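To start, the structure itself, in C-alpha cells.
For reference, chains read A, B, C, D, E, F, G and H in written order, and residue numbers begin at 1 within each chain.
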C-alpha cells in the first residue's frame, strides 16, 4: 500500500491538518508529514517533493493559509495528484487561501478541499479514493467509513 | 486504460466543459460524456453514477453552475474520486458554484478546480494524474504535456 | 391540520433549527423532524422525502450548512414547497450555504430564508403562511403572532 | 383557481420578471402584474397589497434590485406567502438585492429565489407548488412541467 | 435649535445606536428616540415619520441590521434628510445591512454611514453638520469637537 | 439659494457625475463643478475646499473610484456636509470605492450614496433635502420631483 | 543608515503596528513613530510628511483601518516609497482597509502588505529590502533573518 | 542607473503589464522583461530570479492572475524588493490574484499594487521611487511626472 505525503506551510497549520492524519490513522493509511514553507524555504520544499517516488506515494496533501502558494508549487514540481487544503484563519478567515489554491491556471491542477478541518478530513478521504482505484482493501475501508458516518 | 466519466448539469455547461474533453482527446484518454441534472433528473443521474464500475472508470468529472449540487451528489453515490468544476456564469459569475462545490462537509470529498474553462482543462489533467499512479503511459503523456506548456 | 417536515443535514445543525421547532410549538403546528444528510446518506433522505404525502404535509423545511445541497435535493424529489435555511458556521459563516441554497437553477425552486436562527424562525412562519391559505385557524394564529412581535 | 400577484419595483425590472409571467402562461395560472415601488410610491404599494384577498390570491411575487425593500415591505403588509426575486443589475449585479431580500429579520418571512431570470421562473413554479397543496390540477401541471425539463 | 429623530429597527440595535445619542448629549443636541420596525410594525413607523415637522426636525437617523429596509422606508415617507446606520451583527456582520441601506435606487436618497458604532457616532455628527448650515452655535460645537479628536 | 460644490477625482468620473449635475439643472439648483484629485493634486483640492464658505455653499458632493479617498479628505477639511458617490468601474466595479467612502472612522462623517449613476442622482437630491431644511422653494421642488417619479 | 517613518491613523492601531517596530528593533533599524490621522488631523500629517527628508528617510510605513486613506494621502505628499498596512478590525475585519489602500489610482503608488500583524512584520522587512539596495549591512541582516525563519 | 526586472506569469498578461513598460520608457528607466510561470516552469523562473544581481537590479515587478503565486515565489528567491501586480480577468476578475499576492505570510514581503493596468503603471512608479532613494535623476523624473498628472 502506497503512502501519502502531507505538507503544511507553517507550524501553526498543524492543528487543522491533524484531522487528515487522524483520518489516515483510522483507515490504516501510511503518511509522511512535513512542515515546509513555499515562501520561507522553497529549496527544502523542492527537495522533499522531488524525492516523492510515484512507486511509493499515491498523492500529496498540501495545506496552507493566506496567500497559500504551497499546493500550486507542489503541483508544479510533481506529477502526483495534489490535494489542497485552505487553512482557516487570518483576517479573511481562509477565503484568501481558498482562492490561492483553487484558482490554478490551466496546465497545473490542484484539487481543492473545503476551508479548514472539514477540508483536512476530506483530503485524507480523497487520497484514499485515489488509492482505492487499484487497491481493494482501501476501497473496503472507504465503504466501512461511509457506512459509519451516515448518521453523523 | 480506464475511462473518465464527465457529467454536466445542463446543456448550457457544455461549451465550458468541452475544454476537458479536448484535453482528453489531446492526451488520448477515453471518456463518457453525459448531461444529467442533480436537480431536474436525480433518478437518471443516480442510475448513471451507479453504473460506473471501478474496474472501468478512474474518476468522475462533474461540472455545474449556480447552486452546483452535482459534484457533491455524485460523490455521495460513488467511491470513485470526483473532480468538480464550477461553471462560470449567472449573476455571481461562478462564485456560487465554487462555494457549492468546494465547501463539502466532512465525509464526502470533492476535489474542486478553478471556475470555468481553466478548471475544465485542469479537471482532465487531474484525472490523468490519478490514472498515472498505475499507468506509465498516462504518466509519459503528462510529462510531454507539461513540457509543451512551459512557455504558454 | 397538515404537518411540516423539518430536515437538517447534520446533528450539529440541530441547535439552530430548534428555533423553527419552537415557533411551531408556540403556534401549535405539528412537525416531523429528521437528521438526514444529502451527502452522507442520500438513500435515507430519498426514502423519507418520497414518503411525504401531500395530503399529510404542507411543506418541507430543509436546513444545511457549507455546500448545502439538502434543500435543492429535497426540492428535486418532491413537489411540496421546500423552504431552505442556510446554517451559520464554518469558515464562511453561512454565505456558502446561502449561495448553495438560493441560487437554484430554473425548474426546481427553493424559497431561501436568512442565514441562521432568524432564518429558522421565519421558515416556520413561512410554512404557516402557506397553511393559512386554506386554514383559517392558521391565519388567526399568524395574526396573533404578528401582533405580539410589533415591539420586539 | 386562485391568482398570484406579481409586483416589480421599477419598469426596468419588467424584462427579468417576464420569465415568471411566461411560466404562469405556460402553466395556465392567472396573475395580476403591477409596477409599484416601495421607495418611490409606498402609498400605492400599500393600497394594492392591502387589497389582496386571501380568498382570491395564493401568493405574492415581488422583484426588485439594489436595496430591494419591496419583498420585505410586502411581507410586512400581508399574511400571504411572499416570494422575493433579486433583480440582476447595477454595480453589484444583484448581490445587494439578494442580501436585501433574503436576510429578513425574524418575524416577517420572505422566500428568496435566485438572482435574475432563473429566480423569476422559479418564483412562478414556487407559487404553483403552494397552490398545488390544495389544487390537484396545479399539481398535475407541475408534474408535466417537471417531466418536460428533465433534459434541459 | 431643531431636534433629530433617531429610529432603530429593533431593541437589540439600541446598544450600537447609543453612541449617536451620547454624541448628541455631548454636543447638546436634542433628539427623539424610537424603536420602530419597518417590517414588524410599518404603521407605527409611518405614523411617527409622518409626524416629523420640518420646522421641528433637522434630520432622521435610522439604524437597522440585516435586510435593513428602515432607512429607505423612512426616506420614502419624509423629505427630511435621512442618515442610515447599518448595524453590525448576524451571519454577514453588517455587510447585508450596508448594501440594504446604501444601494438606494435613484429618486430616494439615504446617506449611509459606516457599519456599527463608528457609523452611529458619525450619524450624529453628520446631522449636526446639517444643522450647522444655518445654526452658528452648532457650527461652533463641531469645531470644538473636531479639535478634541485630533489625537484620538 | 446656496450652491453645492461638486468634485470628482478624475476626468473619467465626469460621465457618471453628470447625472448629479443634470438633476441640479432640473431642480434649478446652482453648483460649482471641479475635477480635483486627492491623490494627484492634494494642494489644489485643499485650496478649493478651504474656499467654500458656509454662507455660500450648502454641501459638497465628492465622487471617486477605486481607493476613493476624496470624500473623506474633503470631510476632513470642511464642516459642510459631504456626500460621497462611489464610482462604478475598475476590476472591483466600485465595491472598493464604496468601502473607501462609507467606512469612515468616527469623528469625520461622509454620507455615502449608491455606487454609480444612481448614487449621483441621489447625491443631488440629498443635497437639496439639506437645503430644504431652511428653503421652502427647495422643498417645493423636491415635492414636485417626488411626484414625478412615482411611476418610474 | 537611513530611518523609516512609521505612521498609524489611530491609537488603536498601535498594537498591530508594534510588530513592525519589533522587527526593526530585531534588525537594528531606526524608525520614527507617529499617530497621525489623515481624517482627524490632516494638517499635522501633512507637516510631518513634508518634513521627511530623502537624505534621512528610506521609506514610510502607513497603517490604517476601515476607509484607510492614510497611506494614499502620504504617498500624495512625498516621493519616498510608501508601504501600506491594512489594519484588521471593524465589521469588515480589514477588507475595507485593504481595498482603500491597495486600489490606488494610477500615478500615486502604495505597496500594500497583508491585513494585520503579518502585514506589519512584512512592512518592516520590505523597508529593509529597499535599504539593502544600497546598504550591505541591511542586506546581511535580511539574509540572517531569512535563515532564522525557515522552520517557523 | 539600475534596471528593473519585469516578469509576468503568462503571455496573456502581457497587455496589462505593457502599461508598466510604457511608464518605464516614458521615464527613461531600463528593464528586463520575461514571461515565466511559477506553475508551468518553476525552474526557468528560479534560474532567472537567481541571476538578478543587486548591483544591477533595483526591484522586481511580478504580475500574475488567478492563483497568482508568481510574486510570492519571486520574493522567496531574492532579497530585492518585489512589487506584485494582480492581473484583471477570469471569473473573479482579479480579486483572487489580489488575495494571492497581498496576503503574504510574515517573513516574505511583497508590495501589492491595484488590480490591472492601474497597478501596472504604479508598479513602475513604485520601482522608480525606490531608485530615487539614491538616484537624484530618478527623483527629478518622478517630480516631473507628478506635475504632469495633476489634472489627469
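Annotations for the structure displayed:
Going forward, a residue touches a chain if its C-beta (ideal position, glycine included) is under 8 Å from a C-beta of that chain, and two chains touch if they have at least 3 such contacts.
All of these numbers come straight from a predicted model, not from anything done at the bench.
Two chain pairs are in question, B-C and G-H; the one with more C-beta pairs in contact is G-H. Relative orientation of chain D and chain G, expressed as the C-alpha superposition rotation angle, is 180° to the nearest 5.
Here the spacing of chain B and chain E, counted between their Cα centres, is 51 Å.
Distance between chain centres (mean CA atoms), chain F to chain G: 31 Å. Each chain gets a centre from the mean of its Cα atoms; for chain A and chain C, those two points are 35 Å apart. Chain centres here are Cα averages; for chain C and chain G they lie 50 Å apart. Contact of a single residue of chain E with at least two other chains is seen at positions 10, 37, 40, 66-67, 90, 92-93, 95, 102-105, 107-108, 114-115, 118, 146, 149, 152. Here the chains touching each other pair up as A-B, A-C, A-G, A-H, B-C, B-D, B-H, C-D, C-E, D-E, D-F, E-F, E-G, F-G, F-H, G-H.
Of all residues in chain B, those touching chain D in their complex are 10-11, 35, 37, 40-41, 44, 66-67, 90-93.
Contact residues on chain G toward chain F in their complex (touch as defined above): 9-10, 37-40, 42, 65-69, 72-73, 75-77, 90, 92, 95-96, 99-105, 107-108. Chain G meets chain A in the complex at residues 86, 88, 93-95, 114-116, 118, 146, 149-152. Residues 2, 19, 54, 58, 79-81, 83, 98, 102-115, 117-118, 121-123, 125-126, 129-130, 132-134, 139, 142-143, 145-146, 149, 152 of chain F touch chain E in their complex.
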